[in-house]
Amino acid sequence: MTIVFWILSFLTVLGGLAAVTLRNTVHCALAVAVAFAGLALLYLQLDAQFAGFAQILIYIGAVAILVVFAILLTRGSDTPTDGIFSRTWFAGTAIAAAVFAVLGWAVIQSVHALPHETAAPAVTVNQIGNALLGRYVLPLEIVALLLTAALVGAVMVAMHEKGESK
Amino acid sequence: MQEGMGFTQQLTASSIAQVLWLIPAVPMVASGVIALLKQPRRKLASALAIGSLGFSLLLALFAFGHVVAGWSQGFSVRETVNFTWMQMGTGTVDLGWVLDPLSAVMLVMVTFVGLLIFIYSTGYMAHDENYTRFFCFLSLFAGAMLGVVISNSLLLLFMCWELVGLTSYLLIGFWYQKPSAAAAAKKAFLTTRVGDIFFLLGIVWLFAQTGTLLLYNNGAGSIEPDALIGLLAAHAGWGLSAAGAIALLIFAGAAGKSGQFPLHVWLPDAMEGPTPVSALIHAATMVAAGVYLVARVYPLMAAGGTLSQAGEVAGSTTAALTVVTWVGAGTAVFAALIAVAQNDIKRILAYSTVSQLGYMMAGLGMGGVAVGMFHLITHAFFKALLFMGAGSVIHGCHEEQDIRRMGGLRKEMPVTFATYAIGMLALSGFPLLFSGFWSKDAILESALHWHPSSGPFYLLAFGAMLTAFYMTRQVCYVFFGKYRGHGHAHESPRVMTMPLAILAFFAIALGILGTPAWPWFRAFLEGHAAALEMGKFGEPEFWSLLAISATVVFLGLFLGWWLYDSKSPQAEEPDALEKVAPPVWGWLRDRLYVDEFYVVTVIAFYAWWARVADWLDRRVWGGAVAAVTGAFRALAHFDRFFDTQFVDGTFDKGCEELYSGGGLLARVQNGRVQTYLRLLAVAVVMLAAILIWSSAR
Amino acid sequence: MTALGGYLLVAALVFAIGLGGALTRRNAILVLIGIELMLNAANLNLIAFWRYGPHPEALTGMMFAVFSIAVAAAEAAVGLGLVISIYRHTRTTDLDEMNRMKG
């Protein structure tokens, strides 16, 4: 519960809030990128360097950009006329609050049962690499297949169809 | 039991008695056969009828001869043949017939007179298209009447009695297309029915009291001495014994059939039937059935009095016989008065019949069986003769029946006139020569010696005068003076005049059987020997009675002659007597308003009752039915209401709820992704909560 | 409140925020953004437990998170491709109007 933790948490949460409440969709995308960044720093704080950098590379570097591209392709920058929230936003907010309540309650209930190891696990990139191609080679290949499929699928879905006017 | 010369009673049934049942059966069978014939077979129909009755006459003569033979040998014949018809619990219903002097003479009379009338009818009904039906009914009637005569069982007697009533209805209403004929037939049936109810009550009471329906049954019959002792001992109220009460009830039935006051109203109207019917039924046979019935149950009527079983005029009389006498005497005068003022030839004779039946009843009441029956036999002959003569007159005057439109017929119809005159003198009781005189004299003699009162004697004497008077009036109107009718009168054919002649002969000859010098008839009926005593003619009693009756008769004849012949009335002139006393004439002509009285009282009461019954039927029972119907309809309406509102409604409502519920549930599937997400989240929250909560405990 | 508990709470909060955004925003892309937030929160959860929990297998938590990131990326690609395709057909990304699957 160090000060760094608080700052980084605050940053992340703020970024998240901004992402879901801002009016302009591009601002939302940028805000979520900030949130991603905060999370990456949190990972680094938790001595998960590989995860932190992977987070920055993939999320900020790819997903956020992809979101921005999508926003631009769908004219999402045009501010909608009749509100950004759906008509029944209160129900959604209430449900989200309920979820947070449950989760928070679970954590607080079990706080004395939570483990607390002081020493961080020593994991090197070398070990990760070895594990990826050794022990976790099957999940790796499957993820590769998945990514391929996602790639092909995304292209297929978003591609212009023959004869369709843009 | 017997007076006289030691007659014993012969009780075993001879062969003739065994076959006695054929006498009524053969005409009934003939009637059935005729009923199956087709209308055009006229000759066969009349041949069957006449043949069957002729056969019955032969058998009757055999039976009569048998009884006479027994009588001449000193036996008093009474042979019965009884058999059990049905078994009802401990009691039995018995039928049977009896052959004794009473039934024997009646058989001969009925078959003989009936046969003559049958022959007469072939001529009279020759032009009628329903000839065959006529003979069918006539034959059935003859069979039924003969059944009444020979019956030894009260039940059999009643059955034949009713059959006689039925056939007389059929015959009176023979020309049923005439409304007056149909009404007259109905009136006859209903009036005699009133008497028959009392008769049936008497039969039932007698059966209940004595335990048997048979009249004579070797000492065990219901009117034999043993039973009579029991009947006299039982009391019946109003000071009468059971015997007296039953006797009065049976007399009521007889009064209906024989047209005694007040049940006489049907007889004059019954003249609507064809003349042979009037002759047969209303002169000789059916009306005589009532008199015969009283004679048949005479031991019952006389029980308790100190009369002998044969009914000699000594000692005291019984209540029943007193009633019979007074009713008879009253009817005799009553009917004679009305007959004076009638203008229809047959109606005069009808009232005359009622009057003479009154004489017979009075004779039975005062003088016993022999006196009443003698007058019945002689009356049968001369009244049948008079009716047939009237029929001949009607036929000759082309169906004219009003005497004011007849006249002077003695020239055109000599045979008819001669026979009619003989009959008229017999009826009037012209002294010495005619049978009517002797029979009426016997009645007057018994009336003279009747102890309770001499009222009947004076009434009957007055009635004799009236009889002579109205018969003279009738003969003057019809046969004397000038012919006042239309067209030309002619004599009837021989088939009609021959029976008239035969009957005229008997109207004279039968007198021989009843003179005081040789009382054969009385002796025969009462079962003692008859001695020829010319000395009786010398007795002063005889001459005083002769003087009285002769005076009365000649007075009546003279009055009639004086009023009606010397003046030779015109058709439309009022009657000579009417000129003298118009109001009295009016009452007599209108039959002393007895019919009108009945209309006002009995008929009106009945009509009122019919209206009440109709009201009950339509309002009360109909209302009850309507109420039940209404209740059911209301129930049906309620049921339908219930069904549509509650059952259908509930069902429909349920379905609607289901429908809207479905609609409600369908709103979950609104196609929006965020809705689905929300639901997912909610589910997860709930599951998580449950899990955490259960693991936290 | 331990350190782990703090991280878990933060993760829960980010998750709830992401869920709220996914459930209430009209724009489809923002729903996807919310979903990414949720995934990230889960990842944080994983890493926190990897750091503070017992680790007989030192790599498992980390690997799990890395693979999760990879899958999330793939899913984002496909999802956004779908949104673009839908936009081409209906000219809108408003989720309130996309109810052709209703009934």
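Letters are used for the chains, namely A, B and C, taken in the order the chains are written, and counting of residues starts over at 1 for each.
Criterion: a residue touches a chain if its C-beta (ideal position, glycine included) is under 8 Å from a C-beta of that chain, and two chains touch if they have at least 3 such contacts.
Model, not experiment: these values are computed from the prediction.
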**Prompt:** Viewed as a graph of touching chains, is the assembly arranged as a line, ring, star, complete set, or other?
**Reply:** complete
**Asked** So which has more C-beta pairs touching, A-C or B-C?
**Response** A-C
**Prompt:** Where the CA atoms of subunit A average out and where those of subunit B average out, how many Å apart are those spots?
**Reply:** 131
**Prompt:** Centre to centre, by mean C-alpha position, how many angstrom separate subunit B and subunit C?
**Reply:** 126
**Complete:** Chain centres from averaged Cα atoms put subunit A and subunit C apart, in whole Å, by 5
**Fill in**
Multi-chain contacts in subunit C, i.e. residues touching at least two other chains, fall at 19, 23-24, 95-96
**Request:** Any chance you could list the residues of subunit A touching two or more other chains?
**Result:** 86, 91-92, 95-96, 99, 103
**Message:** Touching at least two other chains at once: which residues of subunit B meet that condition?
**Reply:** 674, 678, 681
**Complete:** As the complex stands, subunit B meets subunit C at residues 666, 669-674, 677-678, 681
**Message:** Taking the touch rule as given, give the residues of subunit A at its contact with subunit C in the complex, in rising order.
**Reply:** 1, 5, 9, 12-13, 16-17, 19-21, 25, 28-29, 32, 35-36, 39, 42-43, 46-48, 50-51, 54-55, 58-59, 62-63, 66-67, 69-71, 73-76, 80, 83-87, 89, 91-93, 95-97, 99-100, 103-104, 107-108, 111, 114-117, 120-123, 127-128, 131-132, 135-136, 139, 143, 146-147, 149-151, 153-155, 157-158, 164, 166
**Request:** Mind listing the subunit B positions that touch subunit A in their complex?
**Result:** 674, 678, 681-682, 684-685, 688-689, 692, 696
**Item:** Residues of subunit C that touch subunit B when the two form their complex
**Value:** 19, 22-24, 31, 95-96, 98-103
**Request:** Write out the stretch or stretches of subunit A touching subunit B in their complex.
**Result:** 86, 91-92, 95-96, 98-99, 102-103, 105-106, 109
